[in-house]
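Please find the structures below.
Each of the next two complexes has subunit A plus one more chain, namely subunit B in the first and subunit C in the second.
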Partner chain A sequence: MNEILKEIRKHCFIYLLIAKNCLIGQMEYRFNFVMGFFIEFMWLFVRILYVIVAYQTNIVINGLTPDAVLLYTGTYSIIIGVYTGLFGHNFYELPEHIRNGTLDTLITKPISLQFIITLRNINFSWPLSDVIGGITMVVLAWNRLGINVNIINIVGFSGLILSGILISYSVFLLPRIFSFWLVKTNAITSISEELHGFNRMPYLIYNKWIQRIGIFVLPIFLVANFPPLFVLHRLSYIYILWGIVAPILFGFIVRMVWNAGIRNYTSASS
Partner chain B sequence: MSDITAIEVKDLIKSFSYYKKELGLKNSIKNLFKREQLIKEAVKGISFNISEGEIVGFLGPNGAGKTTTLKMLSGILFPTDGYATVLGQVPWERKKDFKMNISIVMGQKSQLWWDLPANESLYLNKYIYEINDNEYKFSLEELTELLDVKELLKVQVRRLSLGERMKMEIIAALIHKPKVILLDEPTIGLDIISQKKIREFLKFYNQENKTTIILTSHYMKDIEEMCKRTLIINEGIIAYDGELSKINDVFGHKKIIKLSFEEQIDKKDLEKFGNLRTFDGFNATLEVDKSTIRSCSYDILNRFPAADFNIEDIPVEEGISLLYKRG
Partner chain C sequence: MSIQSVNWVKKYTRVFILGVQSSMEYRADFLLTIFSAFVPIVIQYFLWSAIFNNSSEAKVYGYTFTQMITYSILSGIFSKLLATGFEWEVASDIKSGGLNKFIVQPIGYFLYRISNFLGGKFINSIVMMFITLSTLVVLKYYLRNQIEIERIFFLLVILFLALLLNFLIFFCVSTLAFWMIEIWQVFTILGIVINVASGGIFPLDIFGKKFLRVIEFLPFKYTIYFPINVISGKLNYNDLSKGILIQLFWVVFLFILSNYLWKKGMKKYVAVGG
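Showing the complex of A and B:
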């Protein structure tokens, strides 16, 4: 047990060092750093357009008012921001690293391979606008909807956001791991990127079967739907439980596939 | 060098699957539907032992299986078959204890953060390898002084010259004092002075720390100066295991006689004595059997107006290239 705790501490500290190194590295290129922020800001604007449309038409989606849609979009922005900042670049580059054999030296390090390969690039400029914009939208919608600011709501909302982040790690890493067998997986990964888009609107707009598949089989709807539904009291106990179990279960699946994949790493000629 | 075995390799095999595609779009379309899978055996059942503290050179032409072997010994690749232990551990199990005690340097792959000064990467390695503050400080001081790069620690890696960067790579690989170091062409692309400096350093480091080193290089000097023992690997098999200087013993005891003459002589007269390698009328290189060297020398000196006469061993490079060709 002590050994496990020691390893967790070691990995946390190394993660902080990696974050520091990434920040120093990115600030070397000021123009790129600032542009990254603006480009993501434009994406945030596109998402806000959905809310504007909802407000202008005063549409109610399966019981969700425009304020609820704002809460939903804010939540999605926070999660997509964290995803792009912490995982996006690593996942994107994984097939290329496998193809070019550039994972060699990392494999020999006394540290979790999955940890170092999937988390070592953190982008600070991309997620900034998403996270700040997302938090602003959530606070605004929370107020307008008159949701109680109590421990249960805050812990539940934050916990399910964490669950969404963890689920997005598993669901979007999984297709990339197939690169260990297939080398290039652009087709599969494009599908998974598109699936990400399913979270732009609440899953309640889809029919029952799509909802079930997106919640239980490929838990794409867990990424951003559960936190707002929880504070709106529209999430059943089974779904809350699934929100806790799913990240662990899918994390475990990803781990198994990863371990099988890394055995297939063939490197490349030097 | 001690009697303890640091690296044990037995019948190690590594195969890769690949396929061929004929030229042109038509064949690419055909390939979409049917591909003939071919298997390349990069390493074909090699066996050897390396003792603790030994420096062993790995020589071989491109594609011989040198790097593949190093990658299996460092745990990067799983073998297709066979067995190996490094410091008593199976490398491809990738256990923490194993990783803490080995290091691999690849001349063409970097572990340093490109946009950061090298000291940031080294500091990260401090925590990855769980080195305490004093040990880290001491190692860093020692290594940077020996390699003469102390002043460059704060310079962005991408601004360093190739030689300086390779020195930093070596420091990053040695900062945790590994017991086994695998060096894959560490001097590739470097100028003669940088090559020499790195060779001297590695030799000194091996003597001081009794570190076991395997080195692959295309530069004969690297192997000649550093390694008492050389393994020549060609087409996935070990073609030679021994001292580099004795490599020509494999090829039936030949010697070279180099001759210069005071006046032009006839080629036919000289050919009787052995295999004439070069000849221009006034100068000649003759390959003769070691057993006949005395009588040959006597006859040649008696019959021809020799101005200069030298007996030499067949150059090591030639022996190696013959081994390469023989496969």
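Showing the complex of A and C:
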């Protein structure tokens, strides 16, 4: 037990160092920092276009009003912002490391390989617009929908956001791990990028089969749908439970696939 | 024809064929492009179904349900059909001295790029047109859309002009690499703006009449928005012929502009690594 605690403390300490170094590094190239902000701002703008259409047409999706769509888009923006900041770049680089054999130097480090590979780059400029824009949308929609500001709602909402962030780690890392077997994974990468698109609208808009697959098989809809549905009292207990269990279950699956992948690593070109 | 012009034709036909060959090399990539066009189509289909089910009006933003579905499907397909990507190569040629070989060899960079681009699109266009035609047939007979099949002839002409137009727009954009060191962020941002302004995500009508009047004076809507509205029957023959003339105007204008920008840029080119 002591060993495990010690390891956790070590990893936390290293993660703080990583964060500090990344921030210092990015502050040096301020132009890149500003441009990174604007790129994500454009993606935020595209997401907002969907909200504008929802308001202009006064859409009702299975009982969800345009205000609920705004709440959903805000939630999704916050989660995707955190995802791009903490994981995005690392996941993108994983197939490159495998193809070029640059994983070698990282394998030798006295620290968890999955930790150092998937968390070693933090970008501070990309999440800014998403998180700020997302929080603004959530606050606006929360008010317009007249949702109570009480402990249960706030804890439930933030807890499910955390669950969404963890799920996004598993769902978007999983396809990349297949690079251990395939080497050229452009195909898989683009498909998983495209899957992000399914989250532009609340999942209730799709038909039953797409909903089930996206909730239970490849839990792409778990990324952002549950927090707004929870505060709107549209989430059954079974789904709340699934929202808690799924990140752990899929985290475990990702870990198993990762280990199997590492055994397959051939250290190309060295 | 003189020997020189025969050589000229041969030279760029070769580049065109090279483009065709390299596009055939990445077949998996191409199949994936079709799949990735499919995702936004699915989302938009469910979105518009929900909107129309809920709406008391028969038309939303001036579109009937079938017109809107036609728009969603075709904008997904046309966005992929017209997509560029050569701007990254141009930027890297400028940055790392790849232009040097074009300066010393008897080949024009602009003509090289456009032959290569059109070659790369050749097989894709045939497959995409086949998909478009099957989609139109399904839409006509299944959803009973009022599509006039004879408009397909116009569509072919219009799409070819749209392809040229998009090439020229992005060729102009790519010359920015002469003046800016960090260019990829600018490409990404402009790529999104141009896609939205072309009507690649939503029909431009969602932005309102004022915006439409402004966008009228820009070339972007003639790449995606205009071709779709021709085939979906939203535009009459008068608007159609006017639109083709405007497309031609923009092709000529952007051709002159891109040449001008290129000449200006070449004065700044320092032939790194040469």
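Here is the rule we go by: the second predicted complex is superposed on the first by the 269 of 270 C-alpha atoms of A that agree within 3 Å, B and C clash if a C-alpha of one lies under 4 Å from a C-alpha of the other, contacts with A are read in each partner's own complex, and residues count from 1 in each chain.
The criterion applied here is as follows: a contact is a pair of C-beta atoms (placed from the backbone, for glycine too) under 8 Å apart; a residue touches a chain by one contact, two chains touch by 3 or more.
Just so it is clear, the structure is predicted and the values come from calculations on it, not from any experiment.
S.K.: Determine, for the superposed arrangement built on subunit A, whether subunit B and subunit C clash or fit.
M.R.: Superposition check on subunit A shows subunit B and subunit C fit without a clash.
S.K.: After superposition on the shared chain, which partner residues are touched by A:Phe13: those of subunit B (first), subunit C (second), both, or neither?
M.R.: Touch status of A:Phe13: first partner only.
S.K.: With both complexes superposed on chain A, which partner does A:Asp104 reach: first (subunit B), second (subunit C), both or neither?
M.R.: first
S.K.: Looking at A:Ile52, would you say it contacts subunit B, subunit C, both, or neither? Reply first, second, both or neither.
M.R.: Only subunit C; A:Ile52 stays clear of subunit B.
S.K.: For the overlaid complexes, name the partner, subunit B or subunit C, with more touching residues on subunit A.
M.R.: Greater contact footprint in residues on subunit A: C.
S.K.: Using the superposed model, measure off the angle between the directions from the CA centre of subunit A to subunit B and to subunit C, in steps of 10°.
M.R.: Roughly 90 degrees separate the directions to subunit B and subunit C.
S.K.: So, does A:Trp43 touch the first partner subunit B, the second partner subunit C, both, or neither?
M.R.: second
S.K.: Where does A:Asn150 make contact in the superposed view: on subunit B (first), on subunit C (second), on both, or on neither?
M.R.: Touch partners of A:Asn150: none, neither subunit B nor subunit C.
S.K.: Contact-wise, after the overlay, does A:Phe198 reach subunit B, subunit C, both or neither (first, second, both, neither)?
M.R.: A:Phe198 contacts subunit C only, not subunit B.
S.K.: Aligned on chain A, what is the least Cα gap between subunit B and subunit C? Give it in whole Å.
M.R.: In the combined three-chain model, subunit B comes within 8 Å of subunit C at the C-alpha level.
S.K.: Once the complexes are superposed, what residues of subunit A are shared between the subunit B interface and the subunit C interface?
M.R.: none
S.K.: For a test of understanding, state which residues of subunit A touch subunit B in their complex under the given definition.
M.R.: Result: residues 10, 13-14, 17-18, 21, 24-25, 28-29, 101-102, 104-111, 113, 263, 265-267, 269-270 of subunit A touch subunit B.
S.K.: Would you tell me which residues of subunit A are touching subunit C in their complex?
M.R.: Contact set of subunit A toward subunit C: 31-32, 35-36, 38-39, 42-43, 45-46, 49-50, 52-53, 56-61, 186-187, 190-191, 194-195, 197-198, 200-201, 205-207, 210.
S.K.: In their shared complex, at which residues does subunit B touch subunit A?
M.R.: So the residues of subunit B in touch with subunit A come to 16, 63, 67, 71, 74-78, 94, 96, 99-100, 102-104, 106-111, 113-116, 120-121, 123-124, 127-130, 156, 184-185.
S.K.: In their shared complex, at which residues does subunit C touch subunit A?
M.R.: 28-29, 32, 35-36, 39-40, 42-43, 46-47, 50-51, 54-55, 60-61, 182, 185-186, 188-189, 192-193, 196, 201-202, 206
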